[in-house]
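In what comes next, chain A is part of two complexes: it sits with chain B in the first one and with chain C in the second one.
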Partner chain A sequence: VTSTSTDGTAPAGLALSGRPVYLAPLDVHDVLAILAEDVPGTAILGGGTVVMPRLSTGAERPARLLDLAAAPGLAEVTTADRTSTLGATVTYATLLERPVHRLLTQVARGITGGPQIRNQGTIGGSLCYANPASDLPTALTALGARVTLERPGARRTVSVADFVLGPYQTALAPGEILTAVEIPADDARYGYVKLKHGQSSWPIVVAAARISRAAPPDTITVTLGAAVARPVSIEVHLDGELGASLTPSQATAVAEIVRAASDDWWADELATARYRRRVAGILAARAIDDALGKERSA
Partner chain B sequence: MSAVSSVARRLDGARIVRGTTRYLDDAVPAGCLHVAFARSPHAHALIDAVDLSAAAAAPGVVWALSGKTAAGLIGDLICLLPEALTGAGGPLMLPCLPAQRVRYAGEPVAMVVAETEDAARRAAELVALACTPRPPLLDVSSATAPGAPPQHPQLATNVVMSSAVRDGDAAAALAAAAHAVEGQVRLGRAVPLEPRGCIAWWDDEAGRLVVRAATQQPHGLRAELARQLQQPESDIRVLAPPLGGGFGFKFPGLPEEPLTCLAALHLRRPVRWVETRAESLLVGARDYQASYRVGFDRRGRVTALSVDLDADVGALSATPGPVMPAVAAGTFPGPYDVGHVEVRWRAVMTNKGPWNGARGFGKEATCVVMEAALDDVARVTGLDPAEVRRRNLLRPEQLPHRTSTMTLDSGDYPRALDMALELADYPALRARQARQPAEGPLRTGVGVAVELTPEGIDYAGSLSRGFETATVRLDTSGNVVVLTGVTSPGTGSETAIGQLVASRLGIPVAAVRVIQGDTDRTPYGAGSFSSRAVMTGGTAAWLAAGDLRQQLVTAAAALLGAEPGAVEAAEGLYYVRDEPARAIPLGPLVSAVRTLGAALPGLGGPQVEATRTYGPGNLQSIPDETGRLQQYPAYSYSVHVAAVEVDIETGTTRIERLAAVHDCGTVINQALVDAQLHGAVAMGVGIALFEEERHDGQGRPLATDFKRYLLPRLQDIPELRTGYLESPSPFTELGTKGAGEGGVGGSAAAIAGAVRDAAGGGHLRLPLTPERVLELIDGYYDAATGGAQ
Partner chain C sequence: MSPEVTTTTINGRPVAFTAPAATPLVDVLRDELGLTGTHVGCRNGDCGACTVLIDGRPFKSCLVPAGRVRQCHVRTIEGIGAEGELTAVQQAFWDANAFQCGFCLAGTLLCATAALDHDPNATAEDLADAQAGNLCRCGGYRKILEASLAAPAH
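Let's turn to the complex of A and B:
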């Protein structure tokens, strides 16, 4: 294991300085080996946009920091067999530079916080943090993406929908790490909208709409996030033809279906569950309009 | 003054751009110890014991102190509130660390000093607070309910101050008014932008305490430290490094600074305290609720205004913060001609964090309430809201205009209104609003607000006085040093002061060095607040420079063999008018005065430095025989027009445009005034739409960082169109009035009015979060459809 430590590991020194041991393995094999050591209090750094502020405020005091930045294999984007594979440390900036899917490009474009966040924030970090008020768990659920979870000698894949179990909860087992995200190619139409309370707000509601071309008449799936404790996908069947945008009665129908589709509305410091429930259906209808509008302009 | 009005570049600009500014935490002395405070998790509790043993035994800890052990070592904080308003029969005292009662979640109950910041913070977590939690009082109504336990031992209730401001007979005028409307306004609790901190050390050679503190008031802090630490004032030196913003939140009066200094004295080592973001957000301001009743005739002329204004000032503090509701009350009815006014106000203690000052200092609340009332008048009469303002604004010929608390000095309020309406393209906005389709989620709203901003407070009885002293010193290089008691919290006041001195002495601004923020070097001064740095500190320096100019002209005339009346100065050269070859540069001229003054006949005295003290007129700083008190000498004002687009389905507001016309009297540096107005509007956007510190049911603050307390970002700030009027004050030496606060309340009121316009009315509760906007809209549609939704 190649690792660096910026601080002595003597317990007394640790207690006084409070600095965790810093580990930056050079490949995935070493990452897995370190995790297999099963030392309690190991925090994994993707881009650090969540962990580092928590270290600064003292909200988290891990014994070890495992930084994935030096393991280049994890930052790769590859495409084969109509499936794109994104390494866990692929950043929002990479999603903008190397478009994989129009929906993901749209998500990455909507990430605020400046280049610092877009260059540092990773898809694996966002998925593993599983903050309800975020974009990627919802967008990747809508895309039918799967994640690769690894530990020494074992590898499994699960759908993102099954990976995100609830607020800040994932299907990761002890000693396991998310290494990649697979996105299947898909010729459906997608739309995406996000509601925020100002530029510095986290998402209050996100909604992705998928309109299938294959299964007539147009099958619509709305995946809702931020408004609910975990992303939820809702099949929407509408009366009448789909035009360039929803008719008022279609939009009302979408809103009603979505409002009835969850009993686990999310609340946090920025918005109540009541508010989120009220506006979620409106955002869902706008996501469908976004998909329809893009089709028209494409 | 035209020679001064220019857009001189900031003297501190290169430092800021190159990142060489040394803020407090950029210079930590070697061997520095670090302070952390153990803070109460309870908002309200009776203290049984504070056990420091585990903390004191933790690695790296050198000292720990509780309320009990600190009591004999450090004097109490003294509140600034007038006894006539508190009824306490003496100044209200506050211990630095409580021994009996915890008054808010986050109140420090113990101090820990350790070798590293991390060790101090970890040890602070080991302090054991044994206490009996009590139900927290989290709003004015619970704090004023019968039987609510008073939060200060010298007071019988939680109303720490109450009074009324009266002009005429509002009750009778309301009864006689053709129309009357009632309304309510609430403002969210605001918090600071930059954490506080200080680093203190014992200077063994000089035998004195040195304190670098992120403070707006170095001299005021020094006087309080001297009293609390029982050290002679002259044996304390306070240095104030550049601030990343003051905004009123860096007034002394909170316990951490004196306690850090106590540790430095006690331990004879450098001690550093810098608060975290979460700690910084414990301090608040601006938590008001108001009910108003406005009487008017069918032509929209307001005849009477009655207001009940309550401020939730949280746990009592010794900062100027709790004074703000008195200022808010005294600023009614703003720039309007209202014959009968009564404002009953209270400052109420609750179990939220303490207040410090906040830019606007109460006047922003006045503006939001006043403008909500005028919007109601417009709605009832069917008049255009701008027309209602025009019919009620004081006209220029009515100025100066005296109320029971103010003497409005000068200006042309109706003209500023017209300018703002034109800048905003108001008729086009209204036309667009009238044309907007009934379907679709977007609604245009337009708001108009006129803000009166009394400035330059003279708070007699405290160290926050309205006058300043400045020393101007010439040197043989032809440079000039200005020593001033005012500080710059990042506003660039030193540049404007430098311009004033440079213009007076006929030298380039680059030849002026302005020294601020050092109690050893600068004359007594009250620091930075109430937009007074240039109006007072700048004028004192201008006067001192004038004294020197007279002396230099005399000396130059003697040396050049000319009449003093023929000597002029420009670009560092003193010369004979119409004979520019007969000239002497300032450096040699100063040399001559220093080496030959009082010796060579005709040259004059040897003095090359001058000190002057200046305070503006138009004050009644202590009550006169009728009880009238007027603490503000100058009255800036601004007019704001906001256009918003409200999404009635989600409650989201986008501010499309904001036009502002500002008049702060004589302008010394237009770029600096512009910067202040732009910053004020950004703050107004925050008040109107975003900023609010809320608490859970146990009184714990919910906003612990800037992801939970939302500040506007650049993209949230609308397109700004600004214009200026320049109506010099007849009561200040240079006609200046102060530019540092104008626009905070006016922009907030205009934006809030615009949202209310789009939503159809209702009670204003700021910030107008999307959820509250939907409540406004629901109320409107409920009313429109007879209650059904």
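Let's turn to the complex of A and C:
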């Protein structure tokens, strides 16, 4: 869970130690009560993999650090009424140890940063950071997941697709935190692939594919991350039957549909917009092939 | 105002430190407790040189606020094995020349140790995955994997 904004100036009181005051409330009520104090410069720590480096470099100098890790109620995994609810501080390791959806298991196994980051990085943190190249915003958009946002005395639910507004931008209001993610059960087949050229690199493009079983069967939706500024879902209609993998002409058609879906591709230090547009088409076809290779999604 | 004291267990011993709780754990280990086997590489969670085990799981200690390890069991590279007595993983690393400059060793050794503690029958794929969060600038990955695979035989 990324920080609330700070104005970049060192608040009074910080000079004593050079470190923010550390708050680690034990339950969600206390977290919300601290937020209700409305103290400027309160950074929120989910796993810490994003905020802690920003403290180390001085990019962020909050007066207070509100650590969600001590509140076990935010790390729970529950399933009821065909919906799994994951607390904001559920880690990638928990997604592997208590699988709720095959796509999330696949994503968690493949994140960048190894077991150390799987043990620390959180589902809520990834969503609130909203790095275009991050796996979970795209995977959770593909799954039709929803997030619960809370502030003192108020709670609302929005889809992940509506939560991620753009690069590093979310629908979180001031004083509001993400507390949970809801994932509906779904018998569709899912696939997931990403392109990166170094083990420790952020991905250049990530792609999730969903192939429906229910009516109408074999409807394909591809959700791309880091291709454009926020996760984008594209319906792909293909001629001919779907086999165990796409035919060469189907793969070409997928690539063409995807490349025509936007004229505003994402660019950063890893790749140009032109490169991303080109590989997005290929990644989409590979994601569909990955889904076609799976018999059942759980 | 007297500094707040955080209590934890490090390498099996109860420890109290006074560094602010928001301090990265690696700085408390090195600067206040003198455990300099935990290295500082990138401070960005990329390199793994600051890896420690918290309740048996590997973490990058540049990313962990020190206050978070209250009442936890932290194991650093100094806490592996005993004086003059190598663990099976240490012996395997020694035999395979699985370190050169040694800068990444806290990460590579502790991640191999944690993976083998979790599953003594870990496959080559599991043991490679265990190292996915560590950078070895000497390029010694093959030796690290050879050592990890040979460790259970010791």
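Just so it is clear, the second predicted complex is superposed on the first by the 279 of 298 C-alpha atoms of A that agree within 3 Å, B and C clash if a C-alpha of one lies under 4 Å from a C-alpha of the other, contacts with A are read in each partner's own complex, and residues count from 1 in each chain.
Simple rule for what comes next: a contact is a pair of C-beta atoms (placed from the backbone, for glycine too) under 8 Å apart; a residue touches a chain by one contact, two chains touch by 3 or more.
Being a predicted model, the structure only gives us computed values, none of them experimental.
Novice: When the two structures are overlaid on chain A, which partner does A:Pro40 contact: first (chain B), second (chain C), both, or neither?
Specialist: In the superposed model, A:Pro40 contacts neither chain B nor chain C.
Novice: With both complexes overlaid on chain A, does A:Pro115 touch chain B (first), chain C (second), both or neither?
Specialist: In the superposition, A:Pro115 touches chain C alone.
Novice: With both complexes superposed on chain A, which partner does A:Pro174 reach: first (chain B), second (chain C), both or neither?
Specialist: Touch status of A:Pro174: no partner.
Novice: First (chain B), second (chain C), both or neither: which does A:Thr57 touch?
Specialist: Touch partners of A:Thr57: chain B and chain C.
Novice: Please work out whether A:Ser200 is in contact with chain B alone, chain C alone, both, or neither, and reply first, second, both or neither.
Specialist: Touch status of A:Ser200: both partners.
Novice: Return first, second, both or neither, reflecting whether A:Ala271 touches chain B, chain C, both chains, or no partner chain.
Specialist: first
Novice: With both complexes overlaid on chain A, does A:Val279 touch chain B (first), chain C (second), both or neither?
Specialist: first
Novice: Please write out, lowest number first, the residues of chain A touched by both chain B and chain C across the two complexes.
Specialist: On chain A, the overlap between the chain B and chain C contacts is residues 16-19, 53, 57, 199-200.
Novice: Looking at the complex, which residues from chain B come into contact with chain A?
Specialist: 59-60, 115-116, 118-119, 121-122, 276-278, 439, 441, 649-652, 689-690, 694, 702-703, 705-708, 710-716, 769-771, 774
Novice: Taking the complex as given, what residues does chain A use to touch chain C?
Specialist: 16-22, 24, 45, 47-49, 52-53, 55-57, 65, 67, 69-70, 93, 113-117, 119-120, 199-200
Novice: In their complex, what parts of chain C are in touch with chain A?
Specialist: 1, 20-24, 43-46, 48, 51, 57-60, 62-65, 67-68, 107, 111, 114-115, 129-135
Novice: Could you please specify the touching residues of chain A with respect to chain B in the complex?
Specialist: Chain A reaches chain B through residues 12, 15-19, 53, 57-58, 112, 195, 197-202, 204, 248, 269-272, 275, 278-279, 282-283.
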